[in-house]
Amino acid sequence: MSDASTALSAEQLQERLLRAPYHQWLGLKVEEVGKGTVTIRATWREEWVVNPDRRYTHGGILAALVDLTADWALGAQLGRGIPTIDMRVDYHRVALPGDLVCKGKIVKQGGQFSVAEAEIFDLDGKLCASGRGVYLTAAPK
Amino acid sequence: MSDASTALSAEQLQERLLRAPYHQWLGLKVEEVGKGTVTIRATWREEWVVNPDRRYTHGGILAALVDLTADWALGAQLGRGIPTIDMRVDYHRVALPGDLVCKGKIVKQGGQFSVAEAEIFDLDGKLCASGRGVYLTAAPK
Amino acid sequence: MSDASTALSAEQLQERLLRAPYHQWLGLKVEEVGKGTVTIRATWREEWVVNPDRRYTHGGILAALVDLTADWALGAQLGRGIPTIDMRVDYHRVALPGDLVCKGKIVKQGGQFSVAEAEIFDLDGKLCASGRGVYLTAAPK
Amino acid sequence: MSDASTALSAEQLQERLLRAPYHQWLGLKVEEVGKGTVTIRATWREEWVVNPDRRYTHGGILAALVDLTADWALGAQLGRGIPTIDMRVDYHRVALPGDLVCKGKIVKQGGQFSVAEAEIFDLDGKLCASGRGVYLTAAPK
């Protein structure tokens, strides 16, 4: 493919994302791709639950959503998958059963590595988690 | 229950962990509980894959394992589930298909919040990811 | 003082900040206090340099500025000093000799702990570092 | 210089460290260089204080010590200064007036980037802060 340095459209990003079995399992749906931004919806499933009584979502699901959403804010820009170097998540409130809306944004795009961040909202628009990662954007060899 | 402040045995931790549907899905098996430490094995499954060609495991799975392993190093000590405040992961090498061995350790146990860390190894003993979290150990009200 | 739970004005924040010898050494000047936001200027000094040839500022200075700026976005709101639980910084570009402008913002204010973030700009408005911290906002006993 | 890939001795590291004005200000003294490890002492000074009543050390000082100690665990190994990509610190207890002993260790050395960690102890051997950073170990161009 010759578009390796161009942005992906929402449809192209959707197709790329769903190559990953874990992304299929998370029920990812690309809602929007902008300049350095993405919005991705994840489809709630019973297996996300950590606490069977209060039924909220496992922090590891929220962490995965922060990682992949920030990552693909960069990936949509660069047109390719990008390795995560490290990632950090802050948990703000429990996410009860329901889909999650994930907004990603590039903080600083660099030649060797880049920083992007993501926010995870429930369907009431409440911020459940946010965080950022550092990604290896050096051209693959 | 009257053991709320005592350590869980490996069997008790296993039982607690598997109350969570996401932990069941991750195929968690408690291998050891020590003083401020835990070893937990996670059972590989096809849905973990992020890259269908190279077939390595999604960073979000590794992040979940870091979070829950560090968390339960504290939880096994305190005998209860403990909310994560924030969590950070460094990715060291790709994890290819195969179970993962997760070692957690308390860094600093405090009255209001505590720090614990975890390392994720593949079955060859190679370190794939490591990280730590801050956990809310204030007594529940 | 009876305003312990109310926001500080810029003048009051300036006075509070300069009680700390390290803040005096950093030459902090409060430029603005808004609703959940602060802007603080730090005055460059020769001792900040890490690389005597290229003369850029030590990452530990930038880290301190991220920490204190995010912290006082909360502190100005709550009217008191607030302990840092943990802090993370991403370095985006070297900061050459010159004052730094530090913008802080509350991400999520909570009863027990809160998250705030900060960006550090040089005088050309370029983003040199950014990060966030988790702060202990439980009422002091 | 032809020793770009060899370890520095404690004396060489001391000399390198003190090229930086901020390291001079921190009163850094290299106590030991091992295989992937360093111990560095920092000399307390009045300007470190954040709280003039309780007189404990500013978190930004501890953050700087975590950053530089982890960094030079790598730097002593590689024989050169290494840029920090990002850094994270957990605060465990306040550091009262007195020198600080900083122990750094490489977690994972890589070709493009590496992870190292550090612990900051007071003179009673109590852990005041710990953390880690990601460092750009790609060969300089």
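Each chain carries a letter (A, B, C and D) given by its place in the written order, and its residues are counted from 1.
Here, contacts are C-beta pairs under 8 Å (C-beta built on N, C-alpha and C of every residue); 3 or more make two chains touch, one makes a residue touch a chain.
Model, not experiment: these values are computed from the prediction.
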Label of the chain whose CA centroid is most distant from the centroid of subunit A: D
Winner on C-beta contact pairs when C-D is weighed against A-C: C-D
With centres defined as the mean C-alpha position, give me the subunit B-subunit C separation in Å. 33
Dist(centroid_CA(subunit C), centroid_CA(subunit D)) in Å evaluates to 22
In whole angstrom, the CA-centroid distance of subunit A from subunit C equals 29
I need the residues of subunit C touching at least two other chains; which ones are they? 85-86, 88, 90, 115, 134
Which of the residues in subunit D end up touching subunit C in this complex? 19-25, 46-52, 58-61, 63-65, 67-68, 81, 83-91, 131
State the interface residues of subunit D toward subunit A in the complex, per the touch definition above. 85-86, 88, 112-113, 115, 134, 136, 138
Note: in the complex, subunit A contacts subunit C through residues 88, 90, 92-93, 107-108, 110, 115, 127, 130, 132, 134
